[in-house]
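Shown below is the structure under consideration.
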């Protein structure tokens, strides 16, 4: 049971930052930017590259995140703002296409092998009978810290108030003197930073390979939609639910059902669990569990 | 005795806690052109949306041509012969005016038969003065032309009852009399109309009877000429200073 | 004609059929299906399963048809309550779920190894078998094109186009949106499954790697490059993309590039074509002919 909780929490930490970034951007720019999962990979790879050049790990990760924030703004200005003028669905296709181009770039630049940061690997310790590495605890704690920092920004600062104002009613916000373009730009930048930090945390916990973004796409989406797209902190809850579903399906003993002692589904079914949950949520609660959007006819 | 074409009984509609329609009952006979009036926010458009099936009712019944349509889907209501237009019609930009007009009446020659533009399309294009833009993208029309196109398209479906939501707003004055003529002609051939409208001249020209809504209830059901002498109607309008000009016409 | 050219044109014909199917959904009805490959998979695995369990080859298309109809109806049902972007993501998920099951249900599908040894069409006609297959594919592409053209030029086609842009207007005019969408999805699904059956018997192999998500976006690239909502255009797009893809390995050999280049270039081509065209020429090379013959 304790093992199950740990597995779920670590998987949720993997998903949460990127899902929060996806949701935050959606609240201002009404289309789900799939390419965010690839921004996370860029963040991890750039961080590793900087470290290999001799930059210490903390500034390397921070620099990489800021860089990815800038890249997110460039893509938003050059690609997505233009495509959104045609149609949000077109922007979605564009972001899928950008993801493909980026993953091709990773393949050429880094090769298919998994990469990792060079950090001292401390041996795993046992907590409540569960094997935990120092790095898992550290990155898990950092993830929570980043989420809290983002929450404080959103709910305790004038900038956060402007962000929420623009996401609820852009026209009204603009009329009351909020610079919507600046706020949107900042949120896009922040989403890139958070996604890149998410990628770096993943890389610190284990390794990152070029297809990580592609593999994370649907679970991250499932988490964001489950939490109600546009509701940033619903996405954290969504991440936990998705992580629990994935962990549960591979840890459940189906033996009694089929009349045998031990029958476990192979781990390769885990993603199917989150996708199926996503489809079920879409079918029965089309706007997520925390509804933050007005009904669309 | 003629039977009612449309009968609305005790219709109510609430959005959350606000009752937009409280208790609305009226009917429309074949051959009638009924104006549905009232100050802004009185519930006219909501009534039209509920009757045409675009919004679910909260209470009450709606019967059309002898059938209960209270909970019927929009396409079933349309198939029975009740067709509506919108206050702000939005038109596709990858279809021409002629195509949209053609789409108004379906299945002639079969669902999967090639589209054929019969002479009646050209007649309608002439009647609504749209012939010169027939090959243009429908979205490129002016607001007034879009309204005309939506009325023309609805007429193509050969409805028993045509429900119009502010058909003259934005339509050029010279075209209003044409619209009156076309609608009279349609009613003379066995149709009926329910018109939500603000323009009193248009109402007096066209309508055979008027129903006035105020805050979700009917406060008058009379001839157009009797409106100005009805104290409740005058009060409802004068209570809202903006509408005064509308009545003074 | 060289064998290589025959091969590229044959595959182009099969992808032309797929592009027509996507065009019917996305181009004419506005149904942004990102899981098209699952419909194709119904055909591929329909043929594969029949072979694996030793049933007569002719049952392949029948099983494919049943699977395709069910898939089309299911995706349409999913779309009843979803807006375009959510539905797109849902279709992508369905396709991935289908691929995961194809990979893992080893007793049924042969797992990651897939099913091999499917009978090759016209293998008795050697050395003319390649040309015979190409002729068959071309004829079926032609038939699919005729069906699609006839559909979009019919009264039903007007309904499709009206739903694409103005669903509220379509409702007000009495179109049953759910029914039209379901009909389109089923027809498109069956067309895609036909392509799948042909492809399975062409490769004589069926496996889960045929169902990877980038394959769907390759077909999207064909539709976008050729011209969305233009049936002739999307077939041209299928040929253009297939020819570009076919020459990638030669480029790699010529410049002595690393072997990862082929995989990367395929992704880069699909993604780059989609992005480039959406940004610079969203209507494609052959734009939709609004209004058809009557208005020109």
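Labels A, B and C are assigned to the chains in the order they are written; within every chain, residues are numbered from 1.
Going forward, a residue touches a chain if its C-beta (ideal position, glycine included) is under 8 Å from a C-beta of that chain, and two chains touch if they have at least 3 such contacts.
Every value quoted in this text rests on a predicted model; they were computed, and no experiment measured them.
Chain centroids computed from C-alpha atoms place C closest to the centre of all protein C-alpha atoms shown. When every chain is reduced to the mean of its CA atoms, the largest separation from chain C belongs to B.
Averaging Cα coordinates per chain places chain B and chain C 44 Å apart.
Note: centroid distance chain A to chain B, computed from Cα atoms, is 49 Å.
Rounded to whole angstrom, the centroid-to-centroid distance between chain A and chain C, based on C-alpha atoms, equals 31 Å. Each of residues 168 in chain C touches at least two other chains. Of all residues in chain B, only 52, 54, 73-75, 78-79, 83-86, 89-96, 98-100, 102-104, 106-115, 117, 134-135, 137, 150, 153-154, 157 touch chain C in the complex they form. The residues of chain A lying in touch with chain C in their complex are 31-32, 79, 82-83, 86, 88-90, 92-94, 96-101, 103-105, 107-108, 111-112, 214, 218, 221-222, 225, 266, 268-269, 271-272, 275-276, 278-279, 282-283, 286, 296-297. The part of chain C that touches chain A in the complex is made up of residues 32, 34, 78, 81-86, 88-90, 92-94, 96-97, 100-101, 103-104, 168, 213-214, 217, 220-221, 224, 260-261, 263-268, 270-272, 274-275, 278-279, 282. Within the complex formed with chain B, the residues of chain C that make contact are 150-151, 153-159, 161-162, 164-166, 168-177, 229, 288, 290-292, 294-296.
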